[in-house]
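Think of it as A, B, C, D and E in the order they're written, each chain with its own count starting at 1.
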Amino acid sequence: MKEKDIKIIEKEMKLANEGLPEMERDLFADDRPSRIEPLNKYLEQFLNWARARSLWILAYGTGCGAIELRPLMTARFDAFRYGIAGRPTPRQANVFIIGGYASLKTIKRIVRSYEQMQGPKYVIALGSCTINGGMYYDSYNTINRIDYYIPVDIYVTGCMPRPESLIAGFNGLKKKIQAGQCDGMNKYADNFDWYKANQKQIIKDWNMPDYNW
Amino acid sequence: MKEKIDRLRKMVNVLQVVEKHPDLYFITLEGNQLVMALGYLKNTLNFKHLAFMQAVDYLEDNKFMLTYMVYNYELKANLGVNVFIDREESSMFSIHRLWEHAWQYQRELYEMFGIDFPGSPRVDEPFIMESWEEMPPMRRDFDTLAYSQKTYFPRPGRETNDPKEQMKKAKYPNYPDSPKIRRDDE
Amino acid sequence: MVNPLYLIIISLMAGFVLPLLDRVNRKLSLATFIGVLLANTVITGFWMHGFIQADLGTLSFSTAGFTAPLSINFQLGILEAFVLLAINLIGLLTGIYLLKKFNESPLAGMILFIMVVMGANGLILTRDLFNAFVFMEILSISTIAIITLKRTNESLSSGFKYMLASGIASIFFLLGVVFIYFFSGSLNLDFININFTDYRLIAVYMVAIALLIELKMFPVNGWALDVYESTDAGVATIISVINSTAIAFMFYKIMPLLPSNFLYIFGIIGALTYLMSNLMGLKQENARRLLGYSSIGQMGLLLASIIFTAGLEPVLRIMIVGGFFLNHLIAKTGLFWISGLIKKEKLKDWRVIRSNKSLMIMFGIFIFALSGFPPFAGFWAKWEFVKSLLAGQNILIIALILLGSLFEVIYMFRWFIQTVKGEYKEDELSIMPSGKVILTTLLGTLGFGLGILIMKNYYGFNFLFTLPILSLLFIYLIDFLPAKIKGIMSLGGLAYYGYYLYTLVQFENPIQILFGVIFLVGSGVNLISTLNRSEISKGFYGLLMMMIFSFGSLLIARSYLEFFLSWELMTIASFLLILRGKNAQKASLMYMIFSIAGAYLMMVGFGFAPELIGSSALITGLTYVQLPLISIILLALGFMIKSGVLGVHVWLPEAHAEAEADVSSFISAILLKAGIWGFLLVAISVVWNAPQFDVYYWMGWLGVFTALVGAFLASFQEDAKRLLAYSSMSQVGYIIAAISMLSHLGWVSAFYLSLNHMMFKSALFIAIAGVYYRTHTRNMYEMGGLIKKMPLSFISVLISIIAVSGVPPLSGFGSKWLMYSSFIERGWYLQAAVLFFASAVSFLYLYRLIHTIFLGQAKYEHKDVKEAPVWFIIPQYIFIGAIMVLSTFPNLLIKPLSAMASQYFNSNIVIDGYNVYSSYGHWNGNLIMLVTMGVFIVPLFFLILFIGKITKVKQFNIVYAAERPESPQTTHVAHNMYAHYRKALGGWGKPRIWDFWHGSAEWAHTMGDFFRRIYSGNGQTYLLHIILFFVVVFFLGV
Amino acid sequence: MDIFIKIIYAAISILVATLYGLILIGIVHKIYARVHRRIGPPVWQPILDIIQTHGRKVATSHGIMFFLGPVFRMAGGMGTYLFMPVIFGSVVFSNYSMAGDLLLVMYFIFFGQLGMALGAGEGGHPYSPLGIARGLSQMSTFELPFSLAVISIAIQYQTLNITTIVAAQQGGMLNWTLFTNPLAVIAAMISLLGMNMHSPFSLVLAPQEIPIGPPIEMNGSFLGILQTNRALFASAKLVLFMNLFFGGATNLPIMMLKTFSIYMFSVFIGAAFPRFRPEQSFRFFLRIPTLIGILSVIVIAYL
Amino acid sequence: MIETLILGFILLLIGLYAMLSQKNIIKIILGFSIADTGVHIIIVSLGYLKGRRAPILDSAVDIANSVKEVVDPIPSALVLTAIVIGLATTALMLVFAAELHKRKASFSIDDYKELKW
């Protein structure tokens, strides 16, 4: 390939960030997310083993389910014994719990937070609302299917699910991670344009870069 | 309470008085006398607290009913002040000068019903409906289900049950008539 | 030798002839007028020439064919000739100056002018008291009459007041003269040979008081101020110079008659006049009246100097009195002339002077001359006067005079700064008559030349010490060249100078070489940054070189005077350099005031110091003398003011912040070291001849608290340059404390820190200069995120702040290690703890500096900012390179520094390879460097191995609570960064010292305003003053 | 050859210290959990966390200083540790203590903090400088009593050499500084609370105010390195305190015992007190601990 | 001649008092004139020796013994000059007074305080 062509391809790999005003485009990164392949099978297995035992939750309650997260850390449920701990910044967390219904306003923040997490990252969708809208299925404001906007690894049903079912969900996630099946990050990268189109369809005032690094 | 309303009568034209409860009255006023009445209620009759504002869409009458719920700490009584306004040119005087926090309610009403309150601060800023482009969603002629189905990718295969029937069927199959589930409209 | 009678005769004849000639032609009369003045000048010039050529002694000329007691006689000695020449010359020049005026006004003006000159001449020449009275009356009547040359209400009423005062004075004088005659039987000064004791005192007292009134002593001088304010400029010159001089000379003549206790009181009155009139001058806004206050003050000084130098040898006395006299003569004449040219009353309206370059320079010269700066005559006179007063133990007089002088400097320089820097509109341009300008320029040059003459001929200063002045003049001559050429020439000159100085001092004392490196090499590298100037930069390089050469002279000064001369030259140069800054009015004034105060302290301190033996440099010479305690304190205080020690530091941040970007680094990195150098000199003298009281213990505390307070203040600044300024203050505190320890390790650390501070602070200031050059702001919170745009500057700032903070492995740690080791070794434990606290606080401001400028969020307006110009980068990296080398091989520096300090103390550090051992600990700079590199590389390698795929993100790609940042301004944490610390400090964080100085300034002005209320403007009040003065002084004397 | 052996020794020493520090943190978590009547995570949880963070496949970097910040931090921790003798008389654990004395160690502590502050600063997040400003301010205040304590023991032992200070404390418990100079130890132990940044002095990380402060933008391996350093640095500080005040250690178990006890001191205090506001914390350190420190110097030097 | 001496001093004091107490410029000038006269009288009376002649060397005086017969001539000479000068001063003062009056139509010295402080 000629050098010129490489440049063109590189340029195409960049995001347009059309939602941003001209002045701000320089202030946001415009790289596309890309697939990351595992290095080595055994190394990856070892890492997955560790990842499954060190789950760092992004402390961001998006809906009513956030209430159910609090008891997890108390003496009764003690999620810490599984290595589940809260983390105040998406940069450091690797588990994102969508705590219930996602509205028009919160989906924007969910997408932003999800994109700011550094992979491998996992999403637990909590409650019926995240699956099919739940009791708000006919609302003008509630996202029916969260997996149209970000990839979801585990659903925990119920309205609301109790902390016990959350822990069960965590166990499921752990199994899935250890089996190496949680590949949401790559899924998101592969189907980036589709996800983006879905997001942009409902978020009309898109005032952020196309991918929030 | 009655005495207060009688005193109010001397000021403005009270169209209707409904006693729901010894501590809860609803009165209906004319729209152009509303601010004056509320000011009188607040300053003279001691209804110091604006608990909330709300609107009801009477699509059939082509009217909105605005309700201002004020509270008197001495009587420990609520008074709802209703006003009917035209649905097409829905606009009302702003009362943020009487109660500063009213701007937030007015902003919400503007967003949800499209009722304008000229002069109210930040009234046209989106409250929760960022980037909303349809008609105000709380108006009854807005079909939320259709909108939801059109926009939010409904998951196929979803079943919806009437809660009343579901309760009878799933939880109390042996006692079809009891307990009675109380609904508001009953 | 021409008979002095001719002076009188010519004038009188002219007085008669002029009306006749005027009938013929105005030109003719004007020519005659000038001719007479010229003839006077030429005659006196011949006398002076004659007296200088041949030692003729004192000549006496009698009149009317009789000898002395029977007739009036004139006496003409070298003194008379000198004074006569001076006043006749000024008379001639003023006559020329007033020519146009005379051409337009009635003839009387000319005649009166000639009468004034004649009266003055006669007063000076005559030895007969009654004749003196006659001349005095001629003088005052014609002076009063000439006031009416300008016929305004003000001038007339002030003339009337003058009339009243001089009438009373003449009554006193006449009575006195008659009583003298009555008691002694003679009117001739040469033949009055009785002692005026008991009741006979009244006779001489009356004469003296009359003269004091005519000399306008405080408080009997209200009328004089009105006259100065209201008359024509030329006339004011006559009153201020010719009139006063003649009367002062008369006072000198009757001095032998006065008893010593009265003389002392009159001396105090003179000094008091100087103080009070300058204090009252503080409040003046009218230029003429201000000059009047200054004139009166100078007369007081002259009187005091005449009285208090009575016992000195004649040459010295002429140096002092003549110095003050000539200084006043030239400067005041020049200023009055300029006031005539400007025609503006308000001080601040004098800005129009900027339309005329040479006039402006002359204005500056007169101001500097009047304030007693070298090389003008006043400087030498003041130095010798203070010295002689100290020898006579007249502390009170010194205090009065120096305080008065300080006030004079304050208002003079405030005026100067206002004039040179104030808002200035082009349309205020007024056309100055070129003749008068040339005349003024001539006068200024005369004054300057006179100063140089004294410097060269009387004191015999060699070329090196005049070099600062010569370089200023030389570069002024080539000022039309572009800045770069001048810069490179300066660099070349500096290199040669440095080499020459090295050959001069290389065997004398290694400490000189160390400070030579700081002063000259440091200046040289800093000078590179000035090459960035693209415009012509008029005057910049001249002043810069003047300052640098003065640093050099400080190093090799062999006597107190040489040192003090260089010090003052340095002050002038640095003051003018600071003044070049855009908003530097306040800053430069503060710098000037504090410098002058410091210089006066030093002057007195040097006066107390014993004479040096031999002619080696001060650093050697001072070792062998025992300085008295008072001298140590005063000198140390003087030097500490220059280096900005706590309490007198208020000038420092202002000057640093407001000076031009590339000047600040000179001030901070090098100028402050001059103070350190002086402080070190004093300390050296103490090493072997310690005073009883351990004053250095307390200076150590002062240094320690300077370090702490400086660090705190730096942390609370928003302005990058002010931050660095306070940081300098803090570092200087360390150095002062270390020197004060008077121990080997202490001095090694002081030397080490001095050199280090020069390097890193230069680098920091130049880096900030580069940033300022690109961003045009000094407020740190307006910057941010510049690391991407200016990486080179960032690196140099980074390395510099690591060096400042003392974090290993860089050279800063060396200084900290030496410092704490020495403090603990010396037993100054609590001081060490405070210093440790200060150095921990210093992290606050260092982080603030680097973060708010280079890290965080870049602003929109700095989108297109580029790296600093290469001229800023080069010197930074020279310093950075030096820092790195010295960090890796610290022994390169420690060894020679240890050798330097061990000249004075027993060495107690052992250097073994790269190890340095003190009695408490050890330190291996090289190994530290290696280990640090090792531990740095390991995690770096680890990180690169594990990091995975890195995405380089931009400044807004931050976690912002699921939102996106609004704007860089709201996202950059910079403004008031340590608010919580300030809150925690509570009342300790208030600027009390600042308040104190502001309060003092306010107080002085209020006092000035209070005292000047006695000048109510009412002639009768002035009369009352005179009567009261007469009575009170008499009873004081008795 | 000598140098290589020295490097190997240093590597062993650091590895031990890091593992020990990690386990120490795990144990503390466990203790906390037991106090709360929870089961708590396994003691090796910190190690798992570090593996997990290093296992992140992507990372974001804000620039070169951001990249180097954690490296500086780690270098600071390693350096601080390496310039101290850990176990008295041991060749392996004597580290590079011949490079400098106590002053070097005290100043090397700043190295990592300064580097990290710069790295975090380039992250551009407003919480980073907020945290750093708090941290630096607090550091300046707790360094005052600590330096007073250090000066006090320097006077006491007439040296700043750590090895010599440890040697002087050998031969029985009563020779420890704890008993010979209790005031200095009190002052230093209070400042240790500040150094360890447990509550009530947890101003920098302050999860409820400025969510974890400076390292808020740190992710992936950056975070992993920071966590490693946290363990190493903690053990370095503890070793320093052990050496200065608690008689040092002659073998590994004693070292662990002593450092664990010292650590428990700040853990207990941290478990019992809520967090100070910044200015409260600064004032606290500038008052009583400083007075105690001054007293200790005066007592040792002049009485 | 002590009486005249005292008279002279009294005149001097009266003159000074007038200068200090009177507001009118003309009166002040008069005061000055009185004081001046007092001074002149003092001078003359200091030189006067009782019972001697005026110091005029004409036929009435024995030239050889003149020193013992005439009063001291110098004060007389002085006073002549002093009177002349006093006259000149007074005249100039009056000129000033006239000029001032021309401008402000006032003789009160309080009206001429434009310049102060």
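We take it that a residue touches a chain if its C-beta (ideal position, glycine included) is under 8 Å from a C-beta of that chain, and two chains touch if they have at least 3 such contacts.
Everything numeric in this text was worked out from a predicted model, so none of it was measured.
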Mutual neighbours - chains that touch chain A and chain C alike: D
Least step count from chain B to chain E, where 1 means the two chains touch: 3
Chain separated most widely from chain D, comparing mean CA positions: E
Best-connected chain pair, where connection means C-beta pairs in contact: C-D
Centre-most chain [mean C-alpha coordinates]: C
Most remote chain, CA-based centroid, reference being chain A: E
Chain centre separation in whole Å, for chain D relative to chain A (CA means): 36
Inter-centroid spacing, chain E versus chain D (mean Cα positions, whole Å): 98
Distance between chain centroids, defined by C-alpha means - chain C, chain D (Å): 53
In chain A, residues with contacts to at least two other chains: 36, 89, 91, 213
Overlap residues in chain E, where contacts from two or more other chains coincide: none
Of all residues in chain B, the ones touching two or more other chains: none
Contact pairs between chains, per stated definition: A-B, A-C, A-D, C-D, C-E
Chain A partner contacts - residues on chain B that touch it in the complex: 128-134, 137, 142, 144-145, 147-149, 151-155, 158, 160
Chain A - residues contacting chain C, complex: 23-24, 26-29, 31, 34, 36, 60, 89-91, 109-110, 112-113, 116, 207-209, 212-213
Complex contacts: residues of chain C adjacent to chain D: 785, 787-788, 798, 802, 805-808, 813, 816-817, 820-821, 824, 827, 829-830, 832-833, 836-837, 840-841, 843-844, 847-848, 850-851, 855-857, 919-924, 927-928, 931-932, 934-936, 938-940, 942-943, 946-953, 955-960, 971-974, 977-978, 980-981, 983-985
Contacting residues of chain E [partner chain C, same complex]: 12, 16, 19-20, 23, 25, 28, 32, 35-36, 39, 42-43, 46, 74-75, 78, 81-82, 85, 88-89, 92-93, 96-97, 99-100, 103-104, 109-110, 112-117
Contacting residues of chain A [partner chain B, same complex]: 103-105, 108, 131-133, 137-145, 148, 198, 201-205
